[in-house]
Amino acid sequence: MYIDTLFSIFALIAIAGSLGLVLFRHPMQSALCLAVTMISLAGIYALLSAKLIFLLQLIVYAGAVMAMIVFIIMFLNLREKDLPEERERFTYLIGGAVLLIPVAWFMIKVMKSIPGVKNSIVGNGFGSIKELGQVLFTNWLVPFEIISLLLLVTLVGAVVLAGIRRESND
Amino acid sequence: MFESALTVMIFLPIVAGALILFCPAKGAARITGFFVSLIVLMIGVQLFIDFDGQGGMQFVYNTPWIPSLGINFGLGVDGISLLVLLTSAVLFPLVFCVLKEQSRAFYANLLLCQGAMLGAICATDLVVFYIFWEIMLVPIFFTIGIYGGPRRLAATMKITLYTIAGSLLMLVGIIYVANCYHQQFGVWTFDMARLSALSLSGGFAGWAFLMFMIAFAIKIPIFPFHTWLPEAYTEAPPATSFVLSAIMAKIGVYGMIRFVLPFFALEFISWATFFLVLGIIGMIYCGIAAIGQKDIKRMLAFCSASHMGIIAIGICAMNVQSLTGSLFQIAAHATSTGVLFLFVGLMEERLQTRNIDALGGLAYRAPIFATFFAVAMLSCVGLPGTSGFIGEFLIILGTVKYSMFLGLLTGFTLIVGVCYLLWMFQRVFYEKESETSARFTDLTVGEVFSFLPVMIIIFAMGIFPQFFISKIEPAVQQQIAQLYAPAQQQVVANEISVTDK
Amino acid sequence: MEHTVNYLVCIPLLPLAGAFVLGMMHMLTCKNPLPEKLYSFLAMLGPLGSLIFTVIIFSTLREMPAESRYLTQNMFTWFSAGDLHVDMGLFADPLSTLFLIFVTFIGSLIHIYSIGYMAGEENYGKYFAYFNLFLGSMLILVLGNGPVVMFIGWEGVGLCSYLLISFYTKDRDNVLAGNKAFIVNRVGDLGFVLGVAVLFWGLHSALGGAGFDYLNIKAGASTLTAGTGLAVCLLLFIGATGKSAQFPLYVWLPDAMAGPTPVSALIHAATMVTAGIYMVARFSFLYASYPFAGDVVAWVGILTALLAAIIGCFQRDIKKILAYSTVSQLGYMFAGVGVAAYSAGIFHVFTHSFFKALLFLGAGSVIYALHHEQDIWKMGGLKKKMPLTWIVMVIGALALAGFPPFAGFFSKDEILFMALAKGHWMIWLIGVCVAGLTAFYSFRLIFLVFHGKPRDQKSYDNAHEPPPVMTVPLIILAVGATFAGFFNLPAFFSGDSMVSTWLAPSLLEHHSEASRVTEGVAMVLSIAVVLLGIFYAWKKFASKPEDKPLTGFAKWGEDKFYVDEFYNAFIVQPWIAFGRTISNFIEPNIVDLPVKGTTWLYGVLGMLFKVFQAGYVRVYAIYMVIGLSLMSIFLSQSL
Amino acid sequence: MIEDYLVLSVILFCIGILGVISRRNVFTVLMSIELMLNAANLAFVAFARLNETMDGQILAMMVIAVAAAEAALGLAVIILLHRQKGRLDSNVFSLLKG
């Protein structure tokens, strides 16, 4: 029972955070809202017995990625006048919401049609690091390798893109 | 002849074309291209000699390609394709030995073009045919687009989009035919011979028939689908104009005989008059249009279109004589109009102009050139003793059988061609020498020896046509018999139903 | 009797080989030409060789029984498709042998004459190459074993005619005349080819895959249906009107005089233009069965004769006069073959070739002497300077006018008499009138050129007789023009009609008998008309000719009744204008319209859709969401 | 009930889309995309729980890796854009305009 209660609380926080992300004008505020959402999502992962994902969500997402975003926002030293004027923002928001209602409705309908089970904590190592690691390195080895390659490429790419250009290249 | 001769013939130029790109020098590329086309020529001639003229497919090569859809990589030659094959094999070395040197990519494109054309001619499987048919367009696209005249881009777009539109229609037709076979026999196949068992008519078959016809009519081109032709022929470099008019247009004709006649016999018979009239209109219309041209190449473009009209007439008249005539004319036209394009190319290289008004008196400077040009031109107007006559005569003869009145109109080919060609010859070769023409030099020894074989072929085909006709005629007989078979069956069926009542 | 021989092919092949060799030599050495003697020697080999073979053939045929007098040679199958089977073969029977004789004989003479006439010309070698080519083609035409093989020669002579008319290519008018000849001939060829095609389809069941040659056609001719047969005859006759310059296709022949004079003599008077008559006679077995076709031929012929004779009376150019006279005489021949008097028509071809070649060569000598002056009103009094030429020209004119006992008299009178005997009295009447006109214009020419006072003193002073290489052929031809008529002396003069008898196996002819009295009266009448014509010409032109501007009908006649202008205005100009219209207007604006329309449509659609391409990624995302949303609405229906 | 988790993921995803289409600030757009990835992750994990297999979680892990990569690249691009144009308005970049 307490799981459902916790889920409701986390869900509300997550939704509120995400709405904040969309609605705040300054990216810094949005970023903080996103961090809130991510942390509450981490909680939800825990409720779903995904221990490793819970950890990763906290460390990688809420930690590393958000820190990077926040860092860059601060690095660029954004002031009010740097921000784009978004007067038509609310028109778009309302229009978008109207457009998305059928999408959401359809998807929710699909989700609801899945035969559900009552959520409870699953024991015997489900979602723990060791079991997950075994699956990852037996069934998912090749995708794993590809992902690592992707990260490498990203690294190089980011350096190339954001790195300092010589004058002659411009 | 060795078993995979056709495969070699098709892929040798394609592979060589790719390799040519890595040649160190332009000259080397040209020489390599020349020798490759010479090898193809030798294979082609050997095939022609070995061909026994019994009417069936020979030199067949068949290997499964996509078994799940019944697609085979099938090649073969019969009487219908023999002369087209021979033409594209024999005349090709010419484009490498005359005319100004071009870049490596140009020669690579030409070789690719030859390979694709040979592939389309030899294919016995519809899918293989379609693939080569489309590949054929690629080198044309590049050679016109890169090496063409000042308005080349518009011309390239027009020819490419026009022909692609046609071939997409044909693709639909091909799938329809295969699907019909599948419904009737429960197997997928794209093999020509097996699909010939179908005789499609009525309903969607009519549309599929028109799709095929439009695709070929664009390629040939038959009036009123010819509007890409003047631009493309005029803007293309001479070698490409030559390839387009001498060989590629013929593959449209060939396709019509090979695919439309067997698959849609009844439809074809009911539409024949319509297309025949289109052919006549095109023949006369383009012939008259040629008179209004100042640009020799444009005039020849219309001339070519006019002659293609005659060839189309020969097919639509649907008897042995006219169809033989059409097939013969395919080769004859390549030796006359096709070669005229090369001559005009030479003229343009030397004088930097193709304007009839700027020329005059070339015959005094260049008697050999003038003589060669005149021979090709006379063959073009169908003078007996040259290659042009036999085809035209047989076509007119056949058309008279089909309909006296249409035969009369077809006969006008004798008149329209002469009018503009003589006029052009007079203005370019006779009269007073113009300033531009004074720069002209006669053919070099090398050029003379390049063109000499063609001249000999022109006369040989006019005097000993039976050498060629005897090889293709049995196949034509079969084709015609096959064409009328479904119609006769229907007649018999109707008679039976009448007697039943 | 063995009918197959293997030397027939030599007859056309010798001149053709000569043409090839000469052409090659000329083409390769035209910058620094070889000596003229070499060319003329090589050029003579072909015609003379052919002449020798012709004599052999003639003697061989004479030894054969009259009913089966023919020789054939089948070389190879030319082409065969379905049940059409055409052999490349030659066929010599009395008819073709007669043609062979005078073609090779006169051809050789004119070759000799040309050696003198063309001396010093720039393209000496080319001229003889073309001449040999012409002779070869003409011999193929005559010897061909069927209409299709004949067509090689038929077109070949047309080509040579084109090449030789436009021989002086630097002048545009000459080339235009050549073009005109070729194109007008092509119009006729259209008729010929269609005629052959219709003939084939009419006969193909009777032929049953056998060779499409005269022997088989003749054998199967009876199976033709009436309509087909008539159509064949009329279509073939269209071909004949083109080649033999009959109305309405005669217009090219007067212009063809642009060529060198020996060319006019050989091609446009003696040989090529008679091909149409040869062809009609060759198909006599068809024409004889369709009297209507024969009537058409006869009427077209006689009316052409009349028209050309009238025009000929008013011309100023010496060669044009002769050209119209040729058209007129050809009309006679057609009248002859049209009324089924084939041998009479052919005999006129034979005699005509002598006297017309003579007249042309004589005119050539005059032109040569006066340095290419062709206007008869600038000549005069040449009798003293050129007595020999004068004599032969008078002989030629008498023969042309049909004055006894010269060659033209017997042949022409035979035609007129046969027309009368077969009941075509209108044709006879017109024919007699034409005879009078002929006498008038030929003596107008003689009087203006040779009599009276010189009207151009300077060129008169320079005039001289041509060299012997030119005069000898003239003399030989003059002898021919005088005596050729006696070869076919009719029974009226107690002759044995040698030529008619010789030709009989080749032709399907029914002799009609008329009383000797009628024949005598008709003959006297035509002689009287001829004398009247000569007298009128003498009165008008012999002593004090006046070159005053012509008016009224005469003006019309001088301007050739504006036939050329009519063709120009109603066929040539519209044709060209139509060509221009097509390329400037119809092609880009009408035929290309669907293509242009398609591109326009795409352009408009592009402009339309461009509005949606704001360029902001966000906006594209919105489109995506719109699509997603619509899809969701659609999908939730089915859920 | 597990489907509640899925419904949450749908809601978050839709809010993410809303962010992408309504905002012009490139930072916010980037973060909205992150949010959408998170929503997808949630769905994966929920399905993993539903079927009691761990493949869903593996996928979620990979998505996290990809998201990290995407964030790194995205930020690099943002820096580049800011340096070139001096603005953070996505409307400035309209090279796709027809």
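We just call them A, B, C and D in the order they show up, numbering each chain from 1.
In this text, contacts are C-beta pairs under 8 Å (C-beta built on N, C-alpha and C of every residue); 3 or more make two chains touch, one makes a residue touch a chain.
Everything numeric in this text was worked out from a predicted model, so none of it was measured.
Peer 1: Contact counts by the stated rule: is the higher one at A-C or B-C?
Peer 2: More contacting C-beta pairs are found at B-C.
Peer 1: Taking the mean of the CA coordinates per chain, how far is subunit A from subunit C in Å?
Peer 2: 98
Peer 1: What is the distance, in whole Å, between the centres of subunit B and subunit C, each centre taken as the mean of its C-alpha atoms?
Peer 2: From the centre of subunit B to the centre of subunit C is 36 Å.
Peer 1: What is the distance in Å between the mean C-alpha positions of subunit B and subunit D?
Peer 2: That pair's centroid distance is 58 Å.
Peer 1: Using mean C-alpha positions as chain centres, tell me how far subunit A is from subunit B in Å, no decimals.
Peer 2: 64
Peer 1: What are the residues of subunit A that contact at least two other chains?
Peer 2: Each of 96, 100, 103, 107 in subunit A touches at least two other chains.
Peer 1: Which subunit C residues sit where two or more other chains touch them?
Peer 2: Expected reply: 622, 625.
Peer 1: Hunt down the residues of subunit D that sit against at least two other chains at once, touch-wise.
Peer 2: 17, 21, 23-24, 90-91
Peer 1: Which chain pairs here would you call touching?
Peer 2: A-C, A-D, B-C, C-D
Peer 1: Touching subunit D in the complex: which residues of subunit C?
Peer 2: It comes out as residues 606, 609-610, 612-618, 620-622, 625.
Peer 1: Help me check something: in the complex, which residues belonging to subunit A touch subunit D?
Peer 2: It comes out as residues 7, 11, 14-15, 18-19, 21-22, 25, 27, 30-31, 34, 37-38, 41, 44-45, 48-50, 52-53, 56-57, 60-61, 64-65, 68-69, 72-73, 76, 78, 82-84, 86, 89, 92-93, 96-97, 100, 103-104, 107-108, 111-112, 114, 116-119, 122, 126-127, 131-132, 135-136, 139-140, 143-144, 147, 150-151, 154-155, 157-159, 161-162.
Peer 1: What residues on subunit D touch subunit A, complex-wise?
Peer 2: These residues of subunit D touch subunit A: 1-8, 10-19, 21-25, 27-28, 30-32, 34-35, 38, 41-42, 45-46, 48-50, 52, 54-55, 57-58, 60-62, 64-73, 75-80, 82, 87-91.
Peer 1: In the complex of these two chains, what residues of subunit C are touching subunit A?
Peer 2: Counting only subunit C, the residues touching subunit A are 622, 625-626, 628-629, 632-633, 635-636, 639.
Peer 1: For the complex, which residues does subunit A have touching subunit C?
Peer 2: 96, 99-100, 102-103, 105-107, 109-110, 113
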